[in-house]
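Each chain carries a letter (A, B and C) given by its place in the written order, and its residues are counted from 1.
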């Protein structure tokens, strides 16, 4: 009975083409939003180094707002709301914008903490060797910053990949969306079970890796 | 010299058709692809259904290509207003509120509000049988509006889902006493799920299903309506309807009635200019 | 239509504000239930793991990995749309609560466990040398230090998970986003979405700022 409802081979065979297409979309989505988010985060982290107090405060406020707003709400707001402002936005576009804003804020916080964790002596030494501020940042500070917060960066990346599942709500045909489509055709829960299994197989290695890293280094802020 | 002239004339004559038929851009429309049998997945990443068949035929008669997008119903009208689509191929119920904001074609189907219940539940015979019950609906539809409007009077609990199959599932799982949707959808769901049964039709709820256009798309609306009128006249529409809903519509059904003028009669957006479709 | 007419329409706002405020109540209740269940369960699992029973530990690690790898929305959908096939029909609120609690439990267990292992062996040995047995040693010496250590990441993770309450709109829970979506569709105006965004900010912005403060106050280098 349980097997029939959740592990039905016949339904799975029928649903497989849909699921496979969905998986491809999920992978493509991830390949889009992770770099976009990191870029946004880098921008914010660098802005937070500004000399102007007002600018630093503005960045902090921006980050807090986009960490407080649930990503799904942001996505729906962009997808359904922007058209009213005359801006046409496809599902992919809405996802790109929404993730840029949301995950950018998270990556920004992590990178900011990373930069702050690099001793100021490093920057001073680099400057005294004749490097410009920009060069010092790029060649000396940032690499160390990234190394310091690598577990957090990876952890956030895992979160971002999982977050792609919300794109189903704006009808982007990624894995969860296709699983629900298949389910509505067959009235059987197997496709959703299969989707969960696929996510697990896809992401479990990263989870294990993170576990190892987190348990080796002393506990830091996320 | 005359030979060159002749050649030039010949070339020009051959080129004329090409100029006359400069390809028009494809018509863009959208539908909620989870609303069987009107529009639902075809298993290959696209949509199939009554709406798709009907509007492909319309586009063919207009000599244009058609692209059909699939998106959640609650976002379709905002998207149309934003210019993302030329019209909606989704079955949109023509209400006075909507007719004030959008231009509709005349009705191509009649819809009535109907309930679907799980087999074994006592049939609903009147509104009183609904008192205190939970009703499942598809979000953003007139069916959700009906339940919301009558919730206090009849002590109804609303369960609103992103898709129609989810709403039917809710009834099957016992979460809702009944599903409220359009008659075609209820009949189709019942034909697919032996345990789901079409039940009571709400009296006085017969409405048109028409295709909505933006207010500034009057010319296109008239073109599409002409194509629809031709399809009604030669029985194409009735055939498509029979294919998807199971029974052939009679002469008193919207599939066979050409309404006067453009747009649903007696509603905003109606253009009394008599229709004179040249059916090829 | 001007921007204000579209996104800040007073008439539409007045019409749909009550539903959205009601949704805020649901969101808060759901969030509190998730926090309570998730943190307690996570703590319980971490303590169990500390007892060192091998097969039990494998089970715990598997469960934790499972709920860290599978997206929360997938878990919610599976519990709500899948379980009825197994004879268990959860209402939307319960499905969302259970799913989010399991996710928080998994993360909390990992975080607390990392704290426990960090409070290094030295503490254990010192406590044992003083004659304390396992349980008092664990509860009185190790756990308090571990918890102090993990408060910042725990607070951050809790905030992240509770924002998932917005996902409950997918399983027909009458919370903020669901109410807003209906409002937009009926009025052809995006103001309800603006209201929803403001409502979420009103709920979570203070929490995020609190999280920042906690991080600064409790951070142990």
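Rule of thumb we're sticking to: a residue touches a chain if its C-beta (ideal position, glycine included) is under 8 Å from a C-beta of that chain, and two chains touch if they have at least 3 such contacts.
Note that the structure is predicted; figures quoted are calculated from it, not measured.
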item: Target chain C, source chain B, minimum contact steps; value: 1
item: A-C against A-B, pair bridged by the larger set of C-beta contacts; value: A-C
item: Chain separated most widely from chain A, comparing mean CA positions; value: B
item: Whole-Å separation of chain centres (CA-atom averages), chain B against chain C; value: 41
item: Interchain centroid distance [CA atoms averaged], chain A/chain C, Å; value: 18
item: CA centroid of chain A to CA centroid of chain B, Å; value: 38
item: Contacts with 2+ other chains: residues of chain A; value: 80, 84, 169, 180, 183
item: Residues of chain B engaged with two or more neighbouring chains; value: 74, 78, 81, 162, 166, 169, 172
item: Chain C, residues touching no fewer than two other chains; value: 81, 170, 181, 184, 190
item: Touching residues (chain side chain C, partner chain B) in the complex; value: 81, 84, 89, 91-92, 170, 172, 174, 178, 181-182, 184-186, 188, 190
item: Sites on chain C touched by chain A in the complex; value: 1, 3, 6-7, 65-66, 68-75, 77-78, 81-83, 85-86, 110-111, 113-115, 117-118, 149-150, 152-153, 156-157, 159-160, 163-167, 169-170, 176-177, 180-181, 184, 189-190, 193-194, 196-197, 200-201, 204-205, 207-209, 212, 215, 219-220
item: Chain C-touching residues of chain A, taken from the complex the two chains share; value: 1-2, 5-6, 64-65, 67-74, 76-77, 80-81, 84-85, 158-159, 162-166, 168-169, 176, 179-180, 183, 188-189, 192-193, 195-196, 199-200, 202-204, 206-208, 211, 214-215, 218-222
item: Residues of chain A touching chain B in the complex; value: 14, 17-18, 21, 79-80, 83-84, 86-88, 91, 169-171, 173, 180-181, 183-185, 187
item: Partner chain A, residues of chain B touching it in the complex; value: 33-34, 40-41, 43-45, 70-72, 74-75, 78-79, 81-84, 162-163, 165-166, 169, 172, 193
